[in-house]
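We just call them A, B and C in the order they show up, numbering each chain from 1.
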Amino acid sequence: MSDTNKVFQDILQMKDIDVMFPGVHALNRCSFTLRNGEIHALVGENGAGKSTLMKVLTGIYTDYEGEIIFNNQTVRFNSVKDAQLKGISIVHQELNLLNHLTVAQNIFIGRESEGFFLNDKIINEKTNELIGQFRINIKPTDKISSLSVGKLQMVEIARAMSYPNTKILILDEPTAALSDKETVELFEKIRELKAKGIAVIFISHRMAELKKIADRITVLRDGEYVGTAEAGSCEIPNIIRMMVGRTILQEPKTASAVLPDAPVVLEARNLVSPVIKDVSFQLRKGEILGFAGLVGAGRTEVMRLIFCADPKASGEVLINGKPVKMKLPQDAVSNGIGYLSEDRKRFGLMLRLSLLDNVILGSIDKLISRGLIRGKKSQEVVNHYISELKIKTPSLRQLVQFLSGGNQQKVVVAKWLLMDTDILIFDEPTRGIDVGAKSEIYDLMNTLAAEGKSIIMISSELSEILRMSDRIIVMSEGRKSGELAISEASQEKIMELATQFIGEAH
Amino acid sequence: MNQPSTIEKVKSYLLGPGLQKVIALSALVVLYVFFGIFGANFFSRDTLVSIFDSSYYTGFIAIGLTFVIITSGIDLSVGTVTVGSALIGGVAYNIWGWPIGLCLILVVLVGILFGFFNGLLIGKLGLPPFIATLGTQFMSLGICSVVAQVQTMRYPNIMDDDGWFKTVFFKTKTGFPMGALWLTLFAVLAIVLLNHTKLGRYTFAIGCNEEAVRLSGIHTKNWKILIYTLSGFFAGLSGIIYAATYSAITPQTGNGLEMYAIAACVIGGTSLSGGVGSLVGTMIGVLVINVLKNGLMSMSLPVQWQQFFIGVVVVAAVLLDIIRVKNAGKVKR
Amino acid sequence: MKITKVLAIALTAMLLATTMFGCGSSSQSDSGGSAGATELETETEAEAEAGSETTPTTEKKSIVLISKSYQNQFYQAAFKGAMDAGEKYGFEVTTNGPDSESNIPQQVDQVSAAINQKPTAIALAACDPESLQETLTKAKTNGIPVIGFDSGVPGDTSGAVVATAATDNTNAGAFVAENLFNDPTFQARMMEGTEANPAILAILAQDSTSGSIVFRVNGFVDKMGELLQTLDGLEGAVEVTGQTIWNKASASPAKVKIVITVPPSTNQADIQTAASTMLKVPNTVALFAANQGAVDGLLGATADGMDLDRAAGKYKDLIVVGFDAGKGQKEAIANGSFFGSVTQDPYTMGYEAVRIAAEIAEGKTPADIDTGARWYNSENITDSEISVLLYD
């Protein structure tokens, strides 16, 4: 076949797909094509319609207009099982696994046998085959609760591939919870699938990954199809421009913005806990200190020790040079430390309460007069933050669960700012946030630092670390493996430090 | 990788999923010895018989309840349904003049009916199990008493014509514990059901993550209805055994029997947070509860102490449960 | 594992602490506390040697009293009598009872457990004699004599019950009827009853299964029926309704109705509700509350008896007669809100039960004891021979 004559077979064509929800035009005559055996990335901001499109494809949404042509046949799936049996499977972002059951039992749930009785031997054997095919390092009888996130992902993929007809596999944010090493392993497996002729749709926010794994990239925006590019020849800034309609600056910081005589506001000395092995570091005023490392390196654990969310076995914390005795989070707060957790929906927000209630949550004492919460004052204060932080919301009474990820994060920041915290610990601040909102969060962090707040930022995205930090601390396997000034930092150096202790005997 | 030796397998079982059963067995032994020392004449055949006699109906309730609790649900109506269904069977026998065999079938049917009702409320309409079954508890308490016109209903005694009822379901004239036989039989059936059928597998699955199971294309609503109906079925069976044990069924009673059964399940290792459970453990738990009951009686403590200690045991068992879940949840990276 | 151990130890410690506490408070023994446990121990050892027959008189004797419900003050008075007799006759006395009189299975379990303890004798007031038949047979097989007290065990076929110390409830019920009938106002208002508007005599009975209540109400109803029909115009015109076991139609259309109400359970809430309903029935001339539980329920339904005040109460014309005693009833009698009541002698019941056990232990054949009933009203309530019978 000559280059000019390449005929690509489309295994899937989605034409003019239209989906309406009350008040929202989720998909507006959207299209998508997938070639046989290709790895196709699907990108777009949150709310662009990626999940909706996939839900239509996998039979979750059955109420849509438009046409789907799969394997040269027009199809219309009426259920998830229908799509699965016909050859389209999806691995969701939130893994849907059953903790107390085994790998085999999970993979074959719902397909155990014809009759009422079960025989695990058969499904164990079948699972063994799958494991062999994909060379995954697990046993069919392993309990899900004993496996790491990376392996769980493999189980999900094995489950999808256990349907013999599968021709299309959809992976929704598969690398979000994986370390860089596990991501590499995942990509290998995806390439193996491709070699077997399986087409993969890969949804991700991580731009850098896409070029490594995808053949083509399709961009959606506001429920509409924007364009498709060849991954090899496209430029990430162009992709991002297509996603948001504007160019986003992506350059890393080259020099620290911290004043040379800035005092040390926070110092941790010899922190030890069951997972942290003797960590010490300093944070200076007005600094953004990046904490890099693989997933599981212990960065969140260190911050939780400082914030007193977990008890420490030994070590001390100094605020402005003076050792402080802190046992509970409220001690940390009264010392000016705020912690914005990794999972903001679970630990940072009361989803069913209003924006107002969430922001004033930690500061109610300040807003009480004669035993009652002062409504007017609360509103004034919250409105101030809404405008300061540019939070997009119809009103301050809006329930937080209806805000977008980026705005939710801003609400959390507002809460901590209202509590007069000068030391802010951001744990994965832009996870699950689209590119446009990410940039706003970055601007916010820079503004806060310029105002004199001191920030620790944990992040697994190297580009984010390089873009925001004045200084970088790298952790690995519960230890601090290195410290880099931003001027001398690079992706390679960070990765080197992050993998320093892996493989050592414990 | 080497295959672990049998000893290692046994060890890892005992320290892992079998741990709770080990604890329950130890508690059983400790309590038995304790009451033997401090009770009056506790180490005797008679006492052992008493312990077993009063455990059969609780055992039946606990079997059905184990399934429900594994799905991370609860059924508070099993106590009143046990008594209520027995009451209605008694009405059939005494007032409507039905033959005793038919009455017993009616008892089980009533149990199934209430179970199915719970299933509809919880499975189909999505009510929280606690509230739904609390409501059913009161409903069964009331309606069954109304049907009985608030009269105590009696089942045949050994001397009566239909006395075979008692000898077949509770104890023969020579003292052979038929109740134990029935309980063992149904326990074995239930074990097979729980571990080797779709019903059992889905029970555990729903307890782990109901949404995930639903997304796998399984009709979780229907299975839940089935599971609660099963609980009602066992409550009905328990009604038969209860009637065979005590003969006189008083209306407006039964409220509180479920506590003993729930305690038994939790002691035996069935976690209230779902996904974990064992019928063998539940049976051990039933024994623990009854040793406690009988032991306290043998110490001549007023019956109110029994109420207190059952409460203590339930709290302790739930605490242990929480600790165990927390330990299991320590993330492996 | 560590935490499990700590919890297990704590639980055991709690149980241990209770033993010290529990044994001391429930058993009557001069040395108190743990000595009580050891005494039982030595006794059971000796018994085991002797081979589960009645203990020889040289051994420490023990008796277990099981009432119809443990917390009822009536039975607490009986227990006191038993404790005093225990001191006199050298018996170790332990007491028990179910948490409510309708909790029949619990009493069955308790009697069974008591038999396992191999006491010298058991004293029993049965919630439901029929349910206990097999358990009593077990007592007989084990050679443990059963002494009935209070309502005893009527209709016992097991042969285990050797004697009863109780009020003859039929007589007591009839006694109430006689005294009530002697009131001229009562007679006058009864005779005012017509077919269209019959006079109502209401009875509040807390249950329809226990022997004492059943016989008492029987005695009352039979006697009252007999007496009423001697009144002018009332022959053949007295009907009894309300509960199947007591129903009796009248020969001619009824001019007087004796209506019996039994609440759904023996707990106070239900009794009070039943009483409230009864009070609202028009043309209710008199009301008989057949035991202390019923009396308390009635008092609760009448604002602690205030509604019954003869001068200004809502039900000032209602003639109320009661049974037993208790603080509330005593007050109502003293201030005249109650016409009068009949009291039993629970203290003697308990006392006699133990005394009978002593007789049995000496090898004598015991006889039934009628512990008697006395009528009391505002006039004689302060007499010493009456007041000693009235417990709080």
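By our rule, contacts are C-beta pairs under 8 Å (C-beta built on N, C-alpha and C of every residue); 3 or more make two chains touch, one makes a residue touch a chain.
Just so it is clear, the structure is predicted and the values come from calculations on it, not from any experiment.
Taken as a graph of touching chains, this assembly is arranged as a line, each chain contacting the next along an open chain of partners. Each chain's centre was taken as the mean of its CA atoms, and the one lying most distant from subunit B is A. With A-B and B-C as the two chain pairs, more C-beta contacts join B-C.
Subunit A and subunit C have CA centres that are 72 Å apart. Work out the mean CA point of subunit A and of subunit B, and you get 45 Å between them. Each chain gets one centre point, the mean of its Cα atoms, and the points for subunit B and subunit C are 34 Å apart.
Looking at the complex, you find that subunit B touches subunit A at residues 196-201, 204-205, 207-209, 211-213, 215-218, 275-276, 328, 332-333. Residues 23, 26-27, 30, 34, 38-42, 44, 46-47, 50, 53-54, 145, 150-152, 154, 157-159, 242, 245-248, 250-253, 293-294, 297-305, 307, 309, 312-313, 316, 319-320, 323 of subunit B are the ones touching subunit C in the complex.
Per the touch definition, subunit C reaches subunit B in the complex via residues 3-4, 7-8, 11-12, 14-16, 18-19, 22-23, 26-27, 37, 40-41, 44, 47, 64, 70-71, 94-99, 102-106, 108-110, 112-118, 128, 130-131, 133-134, 138, 142, 157, 208-209, 244, 262, 264-265, 270. Those residues of subunit A lying in contact with subunit B across their complex are 79-81, 84, 92, 96-101, 105, 109-110, 112-113, 116-119, 145-148, 295-296.
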